[in-house]
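Down below are the structures I want you to see.
Two complexes come next, and they have one chain in common, chain A, joined by chain B in the first and chain C in the second.
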Partner chain A sequence: MDVLKILGFAIISVILIVVLKEQKKEIALIMTIFACVILMLFAMTKMESVIGVIESLINKSGINKDFFLIILKVTGIAYLIEFGKNICIDAGQKAIATKLEMAGKVIILTISLPVISALVNVISGLI
Partner chain B sequence: MKKRKFLVIIFIIFTIFSNVICYGNENNNTESNNQNENLDINDVNEKVKENANFDEYIKAIDDELKKNNIDDIDIYDMSNSLLEDGSIDFNNLFFKILGLFSKEFKNVINSAVIIFIIVLVMSVLSSFELEKGSQILNIANLVCFFTLATIIIKSFIEIIGVFKNTITSLTTLMQIVSPFLMAILISTGAISTTGIIKPLVLFIASAVGFIINYIVVPFISISAALKIINNFSDNIKIGKMSSLFSSSALWIVSISFTIFLGILSLETTISSSVDSLAVKTMQNAVSNFVPVVGKFFSDSFETVVGATKVISNVSGVIGIITIVTIAIIPVLKILCVYILYQILSAIIEPICNNKTLSNFISDFAGLYKLLLGILIGVSILFVISSGIILNLVSSVVK
Partner chain C sequence: MDIDLLFKIAGIGILVAVLNQVLTKAGREDQAMMTTITGLIIVLMLVITQISNLFETVRTVFKL
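On to the complex of A and B.
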């Protein structure tokens, strides 16, 4: 039934936005962003259970989950930043989009620092 | 004439009437023969064992096994059963090795599972690509690759450590086994063989250890590091450099093995026939030219040499079994990793559209194959050289 909910929400918001676009462009844009965010939030609530399952699997298998957490974080940040960037581009704000992407890259870098330093340590230990 | 006749008569009288009394025991001769036969073979065995320091030899081998965390195999028991009834409980040995192997297998599977999960996440990441060539997703992919590389390199370093340890202990083992066999060989009279072979085998054992630990292993490590750097980005192209290092490692190993085996087999063939001749001549000379006791001496010589042969065969077999036991666990472990990586790269290719990933893993599988080949080669080289020495003992004294 979730699919129907999303589908209905998307279609109704598209119709509303198309109708609104003729009268008030700014409000139509705000509506678009709002609809996108709600769809994304819906997807995220669903994602939570998936990640929960994966985490419980990892706990069961007894694997060290530090690296795995970093990968999950990086993946999530990449999606969110990509999403935000697309919204910015839709609104015609390319400058903000590139800055957002830049900021996202830096954040990913800071999160993945332990991985990078571990890799460098390991490689230098090899030689 | 008269004088001559007289002398002849006197001579005849003397020979007829002279009483020669001989005091002696008729049984004397047979008794000494019995003594020779009664010489218990077990006593001779014990004496030869004592002379050759057999117990210390077994203890040294046992220490080497303990160093490699192989506590389950009782080498004392094995040597006793070999000496007494000439058989080994291969079934028992096999199951003990299997038990040791299963411990290692668990670790290997664990790291393979982690790699697989990360690759799954990566493939999900790249399949959701919102926009073609999105930079942020590329960076996320790179981070995933870093993680993967860290895990792969960590297991690689662990295996390289095990590999180095195994080579070192195989070398040490060779330096324990060959002098012992040489000492036995020299006690059978093979002097020129021992003179040539002893330095040769010791040199080969330490040279192989040195070449592998200080030349080949660094080459393979450099090759692995270059492989990782090569996959960081498409702009860095040092794949050929990495394969140059790995193939030169392979060449060094195969050339040195060929040279060593060639020299060893050539030298043994010539010198052992010389020795065989010398020992036989000595034996014949002793039995024919030394009066009265020569025959007994020669017989007891044979008994002692027979006992020596038994001891040398047992110690050689134990040495070979230990070499194989120490080598087989790393060999199985590396084989396991190799097969798993091949399977992983085969699975990854369809699910992940990132082509470098499956290439990277199959490259590492190639490195493991190289390690596997070298380890098997070294253990076969050592087994063959101890086998050659063992053969010498039997060929010198027939």
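On to the complex of A and C.
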């Protein structure tokens, strides 16, 4: 049932944006941003319950929890960066979009450094 | 899924577009520019609250 809501919302916003595109490009852009924000908010509320379940599973299984937190952070950053990147591309600013993506990758790399070092320690321990 | 906000923004956009045409036809380009900017600011104010809401939700969900 939610799918129909999302679909209807997206189609209506696309139609309204096309109506406004010729006269007022900037307001059309703000409407695309608004539509993206609303759809993401909808996805976020669903995502919250999924992450709660995964977290409880991990607690039960006793696996190291901080790796899961890093994975969560990385997905969050990827989600936001992709959101901003597509809006920049929509506005016609490809250069800013690629720079934003590159910066996002660097941030993800810095966050996942402890995982890499842990991996290296494990490997060196094996050898 | 508050679609009425989307309709509000679209309404403001169309209103500003029409006003712009009327004002440019009447020869007052500067006032046309003013209405465009005010329309833009109103729409931005509406959208910014939603954007901050989104960022806050993402922050809490992904524990950033």
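FYI, the second predicted complex is superposed on the first by the 126 of 127 C-alpha atoms of A that agree within 3 Å, B and C clash if a C-alpha of one lies under 4 Å from a C-alpha of the other, contacts with A are read in each partner's own complex, and residues count from 1 in each chain.
Simple rule for what comes next: a residue touches a chain if its C-beta (ideal position, glycine included) is under 8 Å from a C-beta of that chain, and two chains touch if they have at least 3 such contacts.
Because the structure is a prediction, the values reported are computed rather than measured.
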item: First (chain B), second (chain C), both or neither touched by A:58; value: first
item: Contacts of A:33 with chain B and chain C, given as first, second, both or neither; value: second
item: Which of chain B and chain C A:110 touches, first, second, both or neither; value: neither
item: Partner chain(s) touched by A:86 [first = chain B, second = chain C, both, neither]; value: first
item: Touched partner set for A:125, first chain B, second chain C, both or neither; value: first
item: Which of chain B and chain C A:75 touches, first, second, both or neither; value: both
item: Chain A residues contacted in one complex by chain B, in the other by chain C; value: 72, 75, 77, 79
item: Complex contacts: residues of chain A adjacent to chain B; value: 54, 58, 61-64, 67-68, 70-72, 74-75, 77-79, 81-83, 85-86, 101, 104-105, 108-109, 111-112, 115-116, 118-119, 122-123, 125-127
item: Chain A-facing residues of chain C, complex; value: 1-3, 5-7, 9-10, 12-14, 16-17, 20-21, 36, 39-40, 43-44, 46-47, 50-51, 53-55, 57-59, 61-64
item: Residue ranges of chain A in contact with chain C within the complex; value: 5-6, 9, 12-13, 16, 19-20, 23-24, 26-28, 30-31, 33-35, 37-38, 40-42, 44-45, 47-48, 51, 69, 72-73, 75-77, 79-80
item: Chain B residues touching chain A - in the complex, by the definition given at the top; value: 110, 113-114, 117-118, 121, 124-125, 128, 130-131, 134-137, 139-140, 143-144, 146-147, 149-151, 153-154, 156-157, 160, 218, 221-222, 224-225, 228
